[in-house]
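Same chain, two partners: chain A is paired with chain B first, then with chain C.
Right after this comes the complex of A and B.
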């Protein structure tokens, strides 16, 4: 049943990958968005100061005797001091001609703020224009103030570092959370797997424990499948039992006819033929009987009818009933049952199991030998049946209890291959096991341990 | 006195050359490399600093050229590749040189933030502007402690002081312009003082040294906005001078050094600036004759003129034009 399953990628890994990948993407997006936003705000701050500087210079412009005078305040440049000691440039134009300040500060009226390259540095430049109305013609005074962006980029770097640390923390936390979420989710599946694995081989009852919604269809299908499997198993077993039953009665009739004919026939050839026939009929009827037994065991094992059984009584009765068969083969029984042994179980099943074991021992016991039935109460309750025959073939000892498996050295003994299966199933139904072994002094030993 | 003799000897030949430097001296072996220093500080103050620098590097020779602050700025702007280190007391001009990209970034030097700009311009002294008096002339008069005191003394005694007061000619001296603009920025008293000095037919000077010379000689009795360090240097030897740091508000500048972006040997230039900064914090008066950086604030709550872009405000052509005109109106009264 541990069959090979075609596995394609792990659900857990895929889930974890999607979650952590998503977290990584989110962290990167967060980093980029916050950085861009911070850059915008920082730039806005610089622009505001540049604008204030331009305004304060422009405000100081006056016309005196037809000449533009510009006695701008100390604060106009003082406000541009930064931690990074940014360079400052300014230019004053009158009707487009440079009046004072730095040449080459390219000004365009349509834009209040611009970034440009000046003297090897990137500068932010603010520009404003004012019209002075004098006696003759209006004069347009344009003022530009530019500042390098060292402090700004320092601030941005600091923010970037902080946001990167924050993003990494977010990612780490999200990863931990995703692993937790993944294992919790996968845990449900694992729990279902465990409960399927732990079931006994005969247990085909539906799962009743609550499962998450998403697993409902799966468990439903599983239950449905098991129900159908159970049905078909029951049907086939009923069919076998029915078939065995139907075959057994006519076989008995055929056997009685064969025996009657055997008594009357003188011819040796015919007698041999009839003997073979009776033997075959015996074999068939025994097989049919065991099939019926097996079907009965299978049925009763599911609905155990437990009472308190005195194993010693049960075995004594059984041995007594089988003694005639043993006598026919010159085999003696020894029942070794000293201590009282009680078991809470189904007496019919137990009797069936013991009978099959003793039957087997009788079949393979040589003449003038002893079959011992021993009841032990310590350490565990167990019943063992031993003979003095050849023992189990060691190479097959593990398979002998499987259905319809017979040893390779059965020497034409009648058998269906179901005896040990019945014994094993009964033991399993009682929570025990069938242990087959060979004794060191010769002979097989079959033990039912409870 | 030895320094003065050296100075005179050095100045004489300088006049013979086409380039009229105030002073031009060579230190150390005649080999290479040559560290060319353009400075506004008198050679006498820098000789021990250069000497101690050469002791550590025997192969190096130093050419030390002295000129006025305004001329220095002009000269360096035109020929930035002819000089390795530029030292000036005109902070505004130095800062503008740095802002305009003439200075090299020296990342190997650690210096307090307030005493440097862009790791390119390094301040290494703190020097106040002082009122210097001829002590004998003030024998019977109250010694002025503030600018207001000075105005009152001058107004009350025009007969004594007529033609005997002196100050910087802000048109010729970068440092004088810096002191004047900072004074004007702080208080209106400056303008009243200029008017009073103008009414007394003030003499105008290019440099602190000349003013002090004339004070010692008795040609003038009061000099306003003289470099305190120069005056103290002389006051130690001549009892004739009284140096007063005005208590109403001090105007304090920091001498600063920068390395030219096109210096021939940047590492050597950086080593010199480093040496300079190391000496000022060392505190040995003999090795560093200039006043060291003073990080502490003045008791009046005013610190030195800050190294910040705002220093460029008064260097604006229009602003300078306006300021100089006002200053001329106040001090030149024909």
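Right after this comes the complex of A and C.
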């Protein structure tokens, strides 16, 4: 049986990839969102303090004698002190003209808060305007307070690090979880696969163990397929048996009639015709039988039904059963089996193989000769069948066990060319070999060595 | 010997019966299991030839029934199946042997003989002629108290001659009966076996006479 399957990427890897990829994206998004939120909150804190500072400075501005007077409240600047020693800049404008403080912080728009680059650092500026109403004209006093963002970015970095660590942890945990989930899911599939592969080729019973819902349809189809396979195997087995019966019964009738007629007919021509007829019948029935046997051997060899076989018993039984055929030609059997010989094997196959070897020996043995069946246990377990015929043709001895190959000097003996093939296949299925040789004193020797 | 043949194919049955009677056996034919049961319960048979696939059931069920009824008549199964496992199961059910269709009648005869010999004791069928005693089932010849084991072809030749004593058998008729149609033998081969039998029968009252140009005949003095 071949197991050629077109394999795409592993389901497990794909699932793991999707899950860990998803976790990675989630971790990055989490990092970005938390960081942005933290930055926003930190900025709000700074803005509030800047705003308070600006308000307290503005509050200090008064109009005295038409002049803007500002008694700078130092608390307005000290409230801005930070651990990171951020620098603070301020500017007070009167109607747009710098009154006091650092130049360059002026604002054209009316934004309350903005960020800009000042003196090589990024600063946050809060600006507020107050209109002082005096004797004649109102005066617009604008105050801007700027602060560098060292403390803020320090805080943000700390938060970012924490969030990154948290995100990485989340990613690691999610990865572990995804592998666990994948393994659990794939495990179900793997269990099903194992129970399918562990079955022998003859086990076509349906799966009865519970499977996950998603696998239900697959297992259902599998069961259905196996049911149909089982049915069709049974049908073809029955068909073969039935076909054999249908073919062999009329052949038997024809053969019996031919034989009965053969006994009565005197005319040489008619006798020759009847002889060819019987030959043809024997050829066809033998070929059919051997083909079926060969099919059965091939089928069983894939899945040996091994038990402990006593070779001596098996051969004794076989020899007894073949004796009437041997008697017809006055051929005697010698069964040479001294030591107990046990083999862990398939008795039906072994019997079939030995029967073919003995059949062959009987066919080619001359009348009044001896066919020896010898069981040896040392050095290896072997069974040899020896006749006193003229032996295998030496030039073809290596090819004789091939399918449908028959020796060139078979003297018109009926055969299918499958007997030795069957013996060889059975030996191979049991880890042995078929060895053909000719004895020096004449006669063929076929040995099954295990 | 008295045989019961259970076979639903009429043509085949007729052919087997005619060939069996040629060998000097009596054959009753049953085409159904029910008939076979009836025959077996009435007649005393030496051997039953049983087909497996019959119209009113499986021959194996007859076999089971037959064995369960403590009936010891040996059974040879005629099967058209050739699967080895099938054969084994038939032997397990109590058949004494099996023959696969289509079969060589000589093989069927040989198997019948072997089964009968294994079951000897139930059937004693010694043929006596003058001072010679011949047991075709056991395969031995007793000449003046001396027991001689016969080879298969000697036995078949003697059986032929004894069953039709006084009748002349041509050489080629004997070749047909002793050898398979496929054996490439000349008619002279018969002389070898006649010679062997003559040697066994030496000094007895039974002789094989040669009738020049006609064949052989078994005679006995007195």
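Brief remarks on what is shown
Just so it is clear, the second predicted complex is superposed on the first by the 261 of 450 C-alpha atoms of A that agree within 3 Å, B and C clash if a C-alpha of one lies under 4 Å from a C-alpha of the other, contacts with A are read in each partner's own complex, and residues count from 1 in each chain.
Here, a residue touches a chain if its C-beta (ideal position, glycine included) is under 8 Å from a C-beta of that chain, and two chains touch if they have at least 3 such contacts.
Just so it is clear, the model here is predicted, and its values are computed rather than measured.
When both complexes are overlaid on chain A, the residue A:257 reaches chain C alone and has no touch with chain B.
With both structures placed on the common chain, the touch criterion links A:292 to chain C but leaves chain B unconnected.
Look at A:245: by the touch rule set out above, it reaches chain C but stays clear of chain B. Counting the residues of chain A that each partner touches, chain B and chain C differ, and the larger count belongs to C.
Contacts of A:441 after superposition on the shared chain: neither chain B nor chain C is touched. In the superposed pair of complexes, A:120 makes contact with chain B only, with no contact to chain C. Once the two complexes are laid over each other on the shared chain, residue contacts for A:323 go to chain C alone; chain B is not touched.
Once the two complexes are laid over each other on the shared chain, residue contacts for A:275 go to chain C alone; chain B is not touched. In the superposition on chain A, no residue of chain A contacts both chain B and chain C. Only residues 9, 11-12, 15-16, 18-19, 22, 53, 78, 80-86, 88, 97, 100-107, 110-111, 113-114, 151-153, 173, 176-177, 180-184 of chain C touch chain A when the two sit together in their complex.
Residues of chain B that touch chain A in their complex: 99-101, 113, 117-119, 185, 306, 308-310, 312-313, 316-319, 322. Those residues of chain A that touch chain B in the complex are listed here as 68-78, 80-81, 83-89, 92, 99-101, 119-120. Residues 241, 244-249, 251-257, 259-260, 262-263, 274-275, 278-279, 281-282, 285, 288-289, 292-293, 296, 321, 323-325, 327-330, 348, 351-352, 367-368, 411-414 of chain A are the ones that touch chain C when the two sit in their complex.
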